[in-house]
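Shared chain: subunit A. Partners: subunit B in the first complex, subunit C in the second.
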Partner chain A sequence: MMEILNDYGIVLAVIGAALAALIPGIASAKAVSKGGIAGAGIITENPSLFGKVLILQLLPGTQGIYGLIIAFITFSQIGVLGGSNDISFVKGLLYLAACIPIIIVGYTSAIRQCNAAISSMGILAKRPDQFGKAMIFPAMVETYAILATLISILAVNGVSGINI
Partner chain B sequence: MKNKLHNSNSSDSGINPYSDVTVNNQFVNAVARIRFKELELLGKTDIESLMSCENEKECLQYLTDKGWGKEGDQTSEQILASEREKTWELLKELVKDISFFHTFLLGNDYHNLKAAIKQVYKGNDTPNVYIPNCTIDPDIIIQAVKEHDFSLLPEVMREAAEEAYQIQLRTGDSQLCDIVLDKAALDRIYSHGKASGNELISQYAELKVAAANINIAIRSVKTGKDEEFLRRALSECESLNIETLIQSALDGMDEIFNYLSTTVYSDGVPALKESAQAFERWCDNKIIEYIRPQKYNPFSLSPLAAYLLARENEIKTVRILLSGKRNDISDDIIRERLREMYV
Partner chain C sequence: MALLQMQRIYIYALKKDRKQILELLQRRGVVEVRSMLKEDKVFSKSDFSVVKQSLERNISIAEDSLNILNSYVKEDSSLLSALQGRKELPVEVYDSFREKYKPTVDIAKRIIELSKIIAEGKAEVLRLQTQIEIISPWVNLDIPLSFKGTKYTAGFIGTLPKPWTLEEIYERLAQYMPLDVNIISSSKEQTCIFVLCLNNNKDKVYEILRGMDFSHPSVSIDIPPAEQLKSIMQQIDEVKKNIDASIAEMESYDEIRNDLKFLYDYDTMRLEKYEVLETLLQSKNVFIITGFIPKKDSNALKEELTTKFESVVELEEPRKKDDVPVLYKNNGFSEPLEGIVNSYSPPGKGEVDPTAAMSIFYYALFGLMLSDAGYGLLIALACALGLYKFRDTMERSMKNTLKMYMYCGIATIFWGIMFSSYFGDIFDVVAKTFFGVTDLPIIPPLWFYPVEKPMLMLTFSMAIGIVHLLTGLAMKGYQMAKQRDYMGIIYDVLLWYILLISSVVLLLSMKMITNILGVNPNIPDVLIDAAKIAFLVSAAGIVLTNGRESKNWFKRILKGLYALYGLSGYLSDVLSYSRLLALGLATGIIGTVVNQMAAMASGGVLGPVFFTIIVVLGHFLNLAINALGAYVHTNRLQYVEFFGKFYEGGGKVFKPFSINTKYYNVKESTE
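Presenting the complex of A and B:
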C-alpha cells in the first residue's frame, strides 16, 4: 500500500509548487488590476502623478513573484528541473505543507495590500507631497508576504534534507 | 426640456445593483477621480471669502474665478444650475448606470408631475417649472398628464398620479393634490433608498422621510389639521412611530417636541423650536455628518453619493449666501443660515 502511495509523492510536491505559483499569482494579478483601475482614475485627473501611482499599483505584484520563487525552489528540490525525483508520499506531503504559507499568506496579503495601496492613492490625490508616507501603509503589508516566503523557503529546503 | 438623466434601469425592477461585490471594484476608478474633485469643493475659507465680499456681484466674480458656471452665465441662478449640471455630467461619466442615484432624483419626478397636473388644470404653459435632473423625461410626464394616459409612467407612479389628477381636476384642491404626490414621492424615495443596500443612501432616505414627517406634523398643528389629514400625509419610516407622531400632533406642539426628544432626532428639537428654517439647516448638517466619513473611504458607491450630497449642500449654501448679499441682509443673519461644508 505504502509503495503505491510513494509513487504519488512527487505528485503532491508538484501540486504544492504549482499552487505556490498559481494562487499568489492570481491574487497579484487581481490586485494589480484593481490598483490599475484606481490609478487610471488618478491619472485622468493628474497625469503628473504617473510614476508615484505606478509604484503603488505594483506593490501587490510582488506576491506573485514570491510564489514563483517558492515554486522554482520546490521544482529544483524534487527533481522536476533535473536530478533525482524519488520522493516518498510523506515527503511529497511535506513539500506541499511547506508551500502552504506562501499560498495562503501570498493570496491574502496581495488583496489586502491592494486595498491599502488604493487608499494611499487617495492620499496622493489630495497631497502629492506626502507620497513617502502614503507608500508606507501598503508597504507594511509586504512584511507578512516576506515572512511567509522565508518560512516556505526554509521549509522546502529543510524537507529536502529529511530522509523519509 | 430633454432630460439627460433619463434612465429606465432602476432598482424598482427588483434587481439590487448595489449589493454585488463587483460593484465595489467598479467604483474604484470613479472614487479615485472623485478625490480630485473634492479638492475643488468650497471649504470654510471659501465661504469666509464669499462672506467678505461687498455684494452679490463680487461673490459671483469670486465663484467665476473658482471655475463656477459656464460661459455665458449671467445670473446667480444660471451659475448654480450650471454647477448642478456639471455634477450630474461628472457622475454620468463616472458611473454608467445612473440608476444608482435615483434615490436623489425621484423627488424631482413627482415635482414635475405636480407641475404638469397644475399646468393642465390651469390650461397654461409656464416656462421653467420642470426640474431637468430626474429619472423620467419631463416631456413624457407632460404627455402622460395632457393625454391622461398614466401608462406612460412607471407602474409605481400610476396610482398616485391618477389620484392626484382626479383630485386636482375634479375638486381643484391643489393642497390635497400636493399631499398625495408628496407622500407618494416620500414612499418611493424611502423604498428605493432602503432597497439600495447602501448604508449612506439608506440613511439619507430615512432622514429625508423623517424630516418631512416632522415638518408635516408641525405645520398641521399650526394650521389645525385633523387626524385624517395626518394619516394621508405622513409616510412610514423606521426612526419615527407614525401613530405616536399623529397622536402627539393632535395633542399639540409640546407633545411633538416631547415625542421627538425620545427619538434619534432629539438633537433637532431645539432647532425645531427655533424655526422651520433652523430645522432644515439641522437636517442639512446631519447629512454632512453622515457623509463626512466617506472622505476616507476608497471603495463602494458611498463616496460618490457623498460627493453628490456635498455638491447639493454647497450649491444650497451659496444660494443662501448670494440671496443674503442681494437683499442686503446682515452678515450675522446670513451666517446663521449657512450650512456646514463637507471639506
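Presenting the complex of A and C:
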C-alpha cells in the first residue's frame, strides 16, 4: 500500500509548488489591476504623477514573484528542474506543507497591500510631495509576505534534507 | 554631516533702492524672507494684489501660448532632455528683456487669438460643408430653391422619401393636368422633385404630394443652387486660406518661442518679488526686510548691501522660539540622500542631520537586495553616462538622483561579486549551452551562494540589521549630547546598548538558536555569565530610569517596565532585515529562471537569437521589478527601523527668495 502511495509523493510536491505560483499570482494580478484602476483616475487629473503611481500600483505585484520563487526552489529539488525525483509520500506532503505559508499569506497580503496602496494614491493625489510617506504604508504590509516567503524557502530547503 | 547654522537678518534700506536690493537678493538666493516685526503707525505692509494679478495673468498667457505653439510647431526635444537642465542666460539678457517685454506679451496674446481664429475657421468649414451636403442634390435645378411659382402657376420644390420614377409621380397627379414634374436627382434615400402646376390646383396637388410624404428642403435660398454651391465653395476657400495664413503666422512665431519662455520665467520672478514685497514693512521712505540667512553667507551679503546701497544690515542668532529653516551640508557621498530624508521629513528642532549616518547603510542595503553584479553595472554605467554627458547643465536635484543610483549600482556590483551573481548565472549557462563547458562555475563567489546557504545569509542579514539599529541608537546618543542631556545618554542609550549586546550574547549561547542559525560561536562561559549579569543590571536600570518624566514612583516603574517591553520591538526590527535575504534571493532566482528558459530555446540555427531575445527581455523585467523592490524596502528599513530609533523630523526646508524659473537659469555675471 505504502509503495503505491510513494509513487504519488512527487505529485503532492508538484501540487504544492504549482499552488505557490498560482494563488499568490492570482492575488497579485487582482491587486495590481485594482491599483491600476485607481491609478488611472489620478493620472487623468495629473499625468505628471505617473511614475509615482506606477510604483504604488506595482507594490502588491511582488507576492506573485515570491510565489514563483518558492515554486522554482521546490521544482529544483524534486526532479522537475533538477534534484532527485525519488520523493516518498510523506516527503511530498511535507513539500506541500512547506509551500502553504506563501500560498495563504501571499494571497491575503497582496489584496490587503493593494488596499493600502490605493489609499496611498489618495495621499499622492492631494499631496504629491509626500510620496515617501505614501510609499511606506503599503510597504509595511509586504513585511508579512516576505516573512512567509522566508519560512517557505527555509522549509523547502529543510525538507530536502530530511530522509524519509 | 550637519546642518548649516542660520542667522536672523534684518535689512533696513531706502525705498528708492528697493527694486535693486530685491533683485540682488533674488539673484543671490540666500535669504528666506519671514515676517519678524509687527506693523505699527509708521511701518506697515502694502497691498500688491492688483500687480500680482496682472503678473499671474501674463504667466498664464505665456504658458497657454507656449502650449498652443507646441501643438502647431513641435519643439525638437530628445528623450534625454530632462537630464539637460535649464539653459543658462547671462544677466545682461535678463536686463535687456524689459524692452522686449511688451511686444512679447502682445505676441503671446496674438498666438492665443490665432488659435481661436483657427478653431473658429475649422468650425465654419464644417458648417459650410454640411450646407454643401444639403444643396448638392439640387445642383441641377436652375431656379432658386425659394421659388414658389409665377402669376398663373405654383411650384413645389422638395423631396420624397425613397426612390420614385417619373411615371409613378405622374400617375398620382394625373387628374390635375396640365402639370410638369421634374426629378432633379434621386438616391436610395430620397427623390428630389420640382412640380409646376396651375395656380387653381395648387392646394389639391400639395395635398397629394403631402400624401406621398413630400417635404420642403431645409434651406431656402434666393439664387439657383448651382450658383449657391459655387459661392459656398468660395467661402470655404476663403476660410481655409484664412486658417492657412493663421497657421503660417503661428509657425513664424517659432522663432520667438524662447522669448515666450523667458516671459514666463521673467514674470514668475517678478511675481515672487511682489510676494516678498507684500510681506515687507514699509514707511514713507524706508523698508525693512527680515528673514533667515545661512551664517556662512551672512557677512558677504552684509558687506555687499552696505557698500552698494545706503542700508543697515543687522545679524542676530536665532531665538529659541524660532522655527529655523533647515539647510543641509553634506559631502558628495551622502548629499544625494538628502532627498530621501526630505521625503520622510527634514530634521526638526534640535535634531541632527541623519543623512551622512544613513548613506553607507542606504547604498549597502540597496546593493544587498538587488545583489547582481550585472544589474549593478548597468545601473551605475547608465547613471555615470548621464552625469558625464550633461555635467554642466544638469539640475542639482537630477544630479543627486543619478548620483544616488550610481552609488547604489556600485554597491550592487560589490554584493553581486560576493555572491557570484552576474545576470543570474549567465556565464555558466552560456558556457554550458554553447561551448559545452562542464567545469562550472566559471566565476565562483567571493563569499558564498545565498541559494545554497540561506541560513547563513539570514544570519548575515540580521547581523547587518543589528549593526544598523545600534547605529541608530548611537545617533540618538549623539543627538542627546548635542542637546546636553548627558544623563539621558546613560539611561536611554548606554543601558540599551548593554541590554541589546548582552541579549545577543545570551541568545548565541543557546543551543537551539545556534542550531537554527548554523553557527558555532563557542562563547566562553565567563562571557556568558558576564552577559547574564549585564542583562539583569541593564534591565533593572531601564525599569528604574526610562519612566523618569513621572514623579510618582509607582507610575515610573510601570512606565519603565513598558519601556523594557520595547525589547520585543527590537526583536521584530531585527527580523525585519530578513527581507534582505528574501529580496536578494528573488533577484538571483528569477535571473536563473530566465537563463534556464533561454537555454531551453537555444537549440537549432536560430537558437542563439532566441537565447539573446529571452535573456535581454527577461533580465530587463527582472531588473525593473527588483530595483523597484530594493528601492522601496531600503527606504522602509531606513524610515521605520533606523529613523524609528532617534529621528522624528518635522522641520522645514530652507526656501530662499531666489530665481525659481522653469526654462532659464539666469547666470550671474562676474561683477
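By definition in this document, the second predicted complex is superposed on the first by the 163 of 164 C-alpha atoms of A that agree within 3 Å, B and C clash if a C-alpha of one lies under 4 Å from a C-alpha of the other, contacts with A are read in each partner's own complex, and residues count from 1 in each chain.
Just so we're on the same page, a contact is a pair of C-beta atoms (placed from the backbone, for glycine too) under 8 Å apart; a residue touches a chain by one contact, two chains touch by 3 or more.
Since the model is a prediction, treat every value here as computed from it, not as a measurement.
Placing subunit B and subunit C on a common subunit A by superposition gives a fit, with no clash between them.
Note on subunit A: of its two partners subunit C and subunit B, the one contacting more of its residues is C.
Using the contact criterion defined above for the overlaid structures, shared-chain residue A:136 touches subunit C, although it does not reach subunit B.
Contact with subunit C, but none with subunit B, is seen for A:55 once the two complexes are overlaid on the shared chain. In the superposition on chain A, contact is made by A:147 with subunit C only, not with subunit B.
Once chain A of one complex is fitted onto chain A of the other, the partner contacts of A:38 are limited to subunit B, with no touch recorded for subunit C. By the touch criterion stated above, A:68 is placed in contact with subunit C alone, subunit B being left untouched.
The superposed model places subunit B and subunit C at 60 degrees from each other around the C-alpha centre of subunit A, with the value given to the nearest 10.
Superposition on chain A leaves subunit B and subunit C with their closest Cα atoms 11 Å from each other. Judged by the document's definition of touching, no subunit A residue lies at the interface with subunit B and also at the interface with subunit C. Within the complex formed with subunit C, the subunit A residues making contact are 55, 58-59, 61-62, 65-66, 68-69, 72-73, 81, 129-133, 135-136, 139-140, 142-143, 146-147, 149-150, 153-154, 157. Residues 340, 342-344, 451, 454-455, 458, 575-576, 578-579, 581-583, 585-586, 589-590, 592-593, 596, 625, 628-629, 632-633, 635-636, 639-640 of subunit C touch subunit A in their complex. Only residues 25, 28-33, 35-39, 296, 298-299 of subunit B touch subunit A when the two sit together in their complex.
Taken in their complex, subunit A has these residues touching subunit B: 34, 37-42, 44-46, 115, 118-119, 121-122, 125-126.
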